[in-house]
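Presented sequentially are two complexes of chain A, the first with chain B as partner and the second with chain C.
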Partner chain A sequence: MTSSIFGKKISRRSTLKGLGAAATGIVAGPGFVRYAQAQSSAPIKIGFQAHRTGIGAAYGRWYEKTTNAAIKAINDAGGINGRMVEVIVEDDGTDPGRGAEIVGKFATQYKVDVAYGTLFSHVVIGSAPVAGEMKLPYFVVSEGHHVASTKLNRYVFQPGITDVKSQIQAMAPWISAYAGKKVTQIFPDFAFGYDHRDYLPPALKAQGADVIAQIAIPPTESSFTKYFPQIPADTDVIYHVMVGPAVLTFVKELGEFYGGSGPKLFGFIDSLEAVDINSPGLEFLNGSHFWEGAPRYAQDNDTDAMKAYRAAVGIDENGASVDDPKDVSTAAHMFGCWETLYVIKKAMENADYKGPEDRGKLVEATEALTEFAEGPEHPQGPKTFNGKIHQCFGIQNISVVEDGKLKVVHKTTIEDGLYEPEGDYTTQPL
Partner chain B sequence: MAFGPHLILATLEGLVTSAVLALMALGLSLVFGVMRVVNVAHGEFYMLGAVLAWAIASAFGGHPSIGFLAALVISPLIVGGVALVADRLVLKRLDYNPEATIVATIGLLYILQQVALTFYGPEARPVQAPFTYRVSLPWFGYSGYKLAVIGASILLLLATWFVLSRTRIGMIMRATQYDSETAQAFGIPVGRVYTGVFAVGAMLAAVAAVLIVPISQAHYLMGRDPLLLSFIVVIIGGLGSLRGTVVAALLIGVSDGIISVFFSPTLAKIIATFVVAMVLVFRPQGLFGTAAR
Partner chain C sequence: MTGRDGKAIALHGGVIAALFALNFVLPEYHHGVLARVLVLAVFAMGYNLLFGYAGLLSLGHAMFFAAGLYGAGLPMYHFGWGVLAAFLSGLSAATILAFVIGMLALRTKGVAFMIVTMMFAQVGYLLVYYFGSWTRGDEGLVIQQHARAIEIGATTLDLTEPTTRYMTALFLFSVVLLVTFALVRSSFGRVLIAIRENEERTRMLGYDTFANKLVAMVASGAICGAAGAAYLILFGYVGSTFASIQYSILPLLWVLLGGASTTLGPLVGTVLMFYLIDGSGDLLKTYAPGWNISHLGIVGAALIILVLFFPKGILGTIRDRWARWLP
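Coming up: the complex of A and B.
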């Protein structure tokens, strides 16, 4: 029997041959790798949704370096539950649509144990529903308040970095006491920026200070001077947080606009993450203050754990790559990758995790965690974890620019950043 | 800020945008005018110019102005070379067919973008300005380099105008634009003119990019927005009309500056796009274009 498509004859034999070849291809493809002893020695697979390209590329590169360093440390110490850990990296282009596709791919094609590592909040928000549908635990390192807001779903966790709402609340007393009472906010015009827009005014209000203007700038913007006239003249302090490839331009143009004589500056280091603070044109930053999750520059009182972490990731005392002093890291955020991976390890050990069928147990084991002690696994500092809102709370650093370095001048406490939970993920079905 | 200084700042910002836009759109307009090729890859020539400027400037040590000046000369030459090869290998083989060249230049756009991503990487990297001077006005400060960009752009536009209207090469190009078959009959090597024009168009984009790169930074995705703005400028000014291009660049740049400063940058984009739609409806040949014969 033969059939004809577009005039070409296809015989039964060639059809069968083709099917056979296709079947072999599928079995040999990713996700079909077979191990002799099945799960006992197969590696634990972590799907890393990385911003290798797009506006988050600088963060993505350093998130990857930190992840590799942490995985090496975990594997050198015997892996998780006696199994090695393997990371599968997929680039999401810092794009929510692609992010969602990749989480789907992790679940169905690679059959990873957990997905992990996303930073940009719009990608997290775009990908989270897929993780929920696929029932794939999804550990993000994003800083945004979206996880703790309980608007996502039971499979999304942020156990390695404090969320923006908590950071702002912890720092508001310092801003109001030392920087000024009339604050103008400049923030990126997307989800992460909206956390700043929504949570700074009430936090400052509680301290007797006011946000007198809010200026939203698209994260893909390349020229900023045109936004600065919107800054009211009676501003005491400009609270700035920018992201995207043009952050250096943003800060430079702010300097050109005000010279050394403008309002005080309080910034999230995001505005200069992966940028050398000694770049030409940034001299005016001297004396201004920044939030840092983990300090970029080595501090005098660094713990041994912090020193070991910095050495493992490969950053020098200026927070740049040991191989290239011009390659400045995203130190203020990337510690979150290291700590998140150790949380995954701990939760998997507590759940006696065997494979994807135990994902529900893993979610419950993660929710049961309450505290992470400062140490080699948590070098940034101690943290508490609220299993109901899937969010950790840690200390924040406020640093001043001094002699071309960032020096920590104030550390908040965990209690400074605690707020009433807005919901409870544990009531959702698994 | 008071109205006066506010307006000065808005106008300055607008002029910087116009200066860069005029150079870039001129390249696009020239290529369309002479060759009838809609070069969708024009923005990538711009990006390539910026990326090469970074590579060249960081290869030179010493004072930042040495590296910058080297980039200003070498980067456009390399970009022109790339365009020349692209013309010979791709566009010429398609016989400059208008539909086919659109598809081909879209392909070229992705090739150039991915090559930059592969070899240059996804980071935004700065090139140091040849000098840093802050002009301090009573109300605000302004970058001296930005003012220099406006000046440099005016000089380059004058030079282009001189070449096109006062030299033999310019006459040959205009003849080819007016009627390429007759030009060929008069012994003008139309094929070589096309190649040359395509290279010069790309070089104009590269020069614009080298000028802008100390202000913004080199990034592999930087070509997209300027390409859209260039199309807007070229459509408003009239495809192929150089005078129209410069006028439209000024119009779009300055109004973009003023609207962004006083209202919002998003509104500026909305208005620019709206103007394009209106021009296409009521004067499809553009403000200064001549109707197709």
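Coming up: the complex of A and C.
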């Protein structure tokens, strides 16, 4: 049977030939190629919610450097499931409102495979509902207890850095044994401080020590001397966790108040991340102790994995940028980015992850993880992972300030930081 | 009804109809964005009632938005209240707060009023920290997805479902837009404009300007509180950031951009500012990769340009030049 269009005769054979050619053309066309390859070689997209600006900017910059280094290492080694990894960075201004909008943007505009990288707790908590509603796996590097508290949702994970409740608990045996039995806490009167306020006293109690005073400093405070007379005279150890721009003033005024004598000092390095320990006014910190997630300064017994990690990220033996010795890193936390990306890789490989339709499988595969061995993928040390509370637990470092450097004097065990789970995310529907 | 009235009514009806239609055509991302923007536009409309029409420049409206957020969020989180009860709680909290603050702050004028409202808002912000064991301070609280639903008989209205959320936001926006539209065209609205233009003369004409300003303050606070309560219910998070000075400046900026004392200006300003911030990230990344400018930097630059070149905002300029009938 033939028909005529514009005077040209078309046979069934020529029609089929034409359809065949058209189909071939469509398949060969750029749009279709992209679609056909979407499952095989299109990059895996990770939405990086970065604190490029706002109060978290110093951390954010180093989180970004670490992320870029890890992604380069992963891609150089063949990517994830044979696919390259692409990172899409959006600045959240360290603001929870904007953070939530950005996670929504990752899910619905960029259509990323996972969202990742958030540090500040209020941004994590503000963004978590969107991740849950959009069913977008959201891997944070925040150290807050919010994930492990099981108050968020099934799509939020923290597999690359130990949470602060565990960190505090792990510090207690050493403080009690080596620093003193009577502890006064000074902490910022906001949520980061509340974790220390709430979790340190029972942890110390279990070790036979006591918190004898808790001094909360309002978030708007810029001078601290007036709070120091509240420190009881029989204090053995001052436990301080001030953060933010006022920390240098805090440390300087505390030093001037005691004039070189006074109780021992124990702090979380959060106070001085990205700050040179040899800055003017910090001299009196000499001899005091700090918690560090990963050591800022290169240590004599660093593993090859730790050395390789530091070289890849680009930090020198003082924990500053190899390009600028004054640019001090956030070494105690940023390793969490490196390790989280390798956890994402591992979970995607275990789930045989193909694309967003496999997000549920990815969540289950992540929950099924239990241990991360120390090595190039986990240079900070070995970790266990509790899939029910979506939280990892690792070793912690206690360092002393000596000759203008931080030297690790004690490493805790994973068991020091373990606590009873407060819930179970796996009971929530996917 | 005059031709002027007809045009205004048609315009407002048309905007609501267009927003309704957008639900069916917008891509997923912009659909989600507009739901959020509609709620924030309600916040801006509340601000506009006091600033645009009554001429009272408050620098503390974050406290009313936050009163709505916390008024709804705290009972939902701690006592398991339902959505409707929580919304009414947030609305009531903001309304009562606006009455109390109005009674005190309206004794001042001009710069003093700005400072007093800012100080009260700062007190509100610090109270969030003071009651940190309830509010969790800056970290804030998450309202779980399953709690953000309304049971109607055997049916459950899931307010986290995108279309339901959009329609709920549009419903609130439409109600507030129509209420604002009616208010500003009423004799009360005209008294507010008279107060803005010349308070002494208005008083001389026999109007109780304090009472009228107080009603405007309470209505403004209530609308902002409704926006806060809706934000909490629809998006599931409350934290101290929403009580900070930043959230007092933002509605001012949205209103200035869209056009103060225009009923639709707050919507225009909120939409444009959102996309300005959202798009600026990509533009900066492409054309100025080394500049670490935050979205607040964009907000600040927009504010300076506005004050210098477009003091009446977009719809204010359109009204001046081409459409005198715009309410």
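Definition applied: the second predicted complex is superposed on the first by the 388 of 430 C-alpha atoms of A that agree within 3 Å, B and C clash if a C-alpha of one lies under 4 Å from a C-alpha of the other, contacts with A are read in each partner's own complex, and residues count from 1 in each chain.
Convention: a contact is a pair of C-beta atoms (placed from the backbone, for glycine too) under 8 Å apart; a residue touches a chain by one contact, two chains touch by 3 or more.
Keep in mind that what you see is a predicted model, and the values were worked out from it rather than measured.
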item	value
First, second, both or neither for A:Glu253, with chain B first and chain C second	first
Contacts of A:Gly132 with chain B and chain C, given as first, second, both or neither	second
First (chain B), second (chain C), both or neither touched by A:Gly54	both
In the superposition, chain B vs chain C on chain A residues touched	C
Contacts of A:Ala115 with chain B and chain C, given as first, second, both or neither	neither
Which superposed partner A:Ala347 touches (first chain B, second chain C, both, neither)	neither
Touching partner for A:Ile161 - first (chain B), second (chain C), both, neither	neither
Partner chain(s) touched by A:Val243 [first = chain B, second = chain C, both, neither]	neither
Touching partner for A:Pro218 - first (chain B), second (chain C), both, neither	both
Set of chain A residues, in rising order, touched by both chain B and chain C	52-54, 57, 218, 220
Interfacial residue positions of chain C with respect to chain A in the complex	27-29, 31-33, 36, 126, 129, 132-133, 136-145, 160, 235-237, 239-242, 246, 277-278, 281, 285, 292-297
Residue ranges of chain A touching chain B (in the complex, touch as defined)	52-54, 57-58, 60-61, 218, 220-223, 225-229, 233, 245-246, 248-249, 253, 256-259, 274, 279-281
In the complex, chain A residues that touch chain C	52-54, 57, 89-91, 93, 95-98, 100-101, 104-105, 108-109, 121-122, 125-126, 128-130, 132-133, 144, 146, 151-153, 189-191, 194, 218-220
Partner chain A, residues of chain B touching it in the complex	1, 6, 9-10, 13, 16-17, 64, 117, 121-124, 126, 128-129, 132, 134, 136, 140-143, 215-217, 219, 221-222, 225, 257, 260-261, 265-266
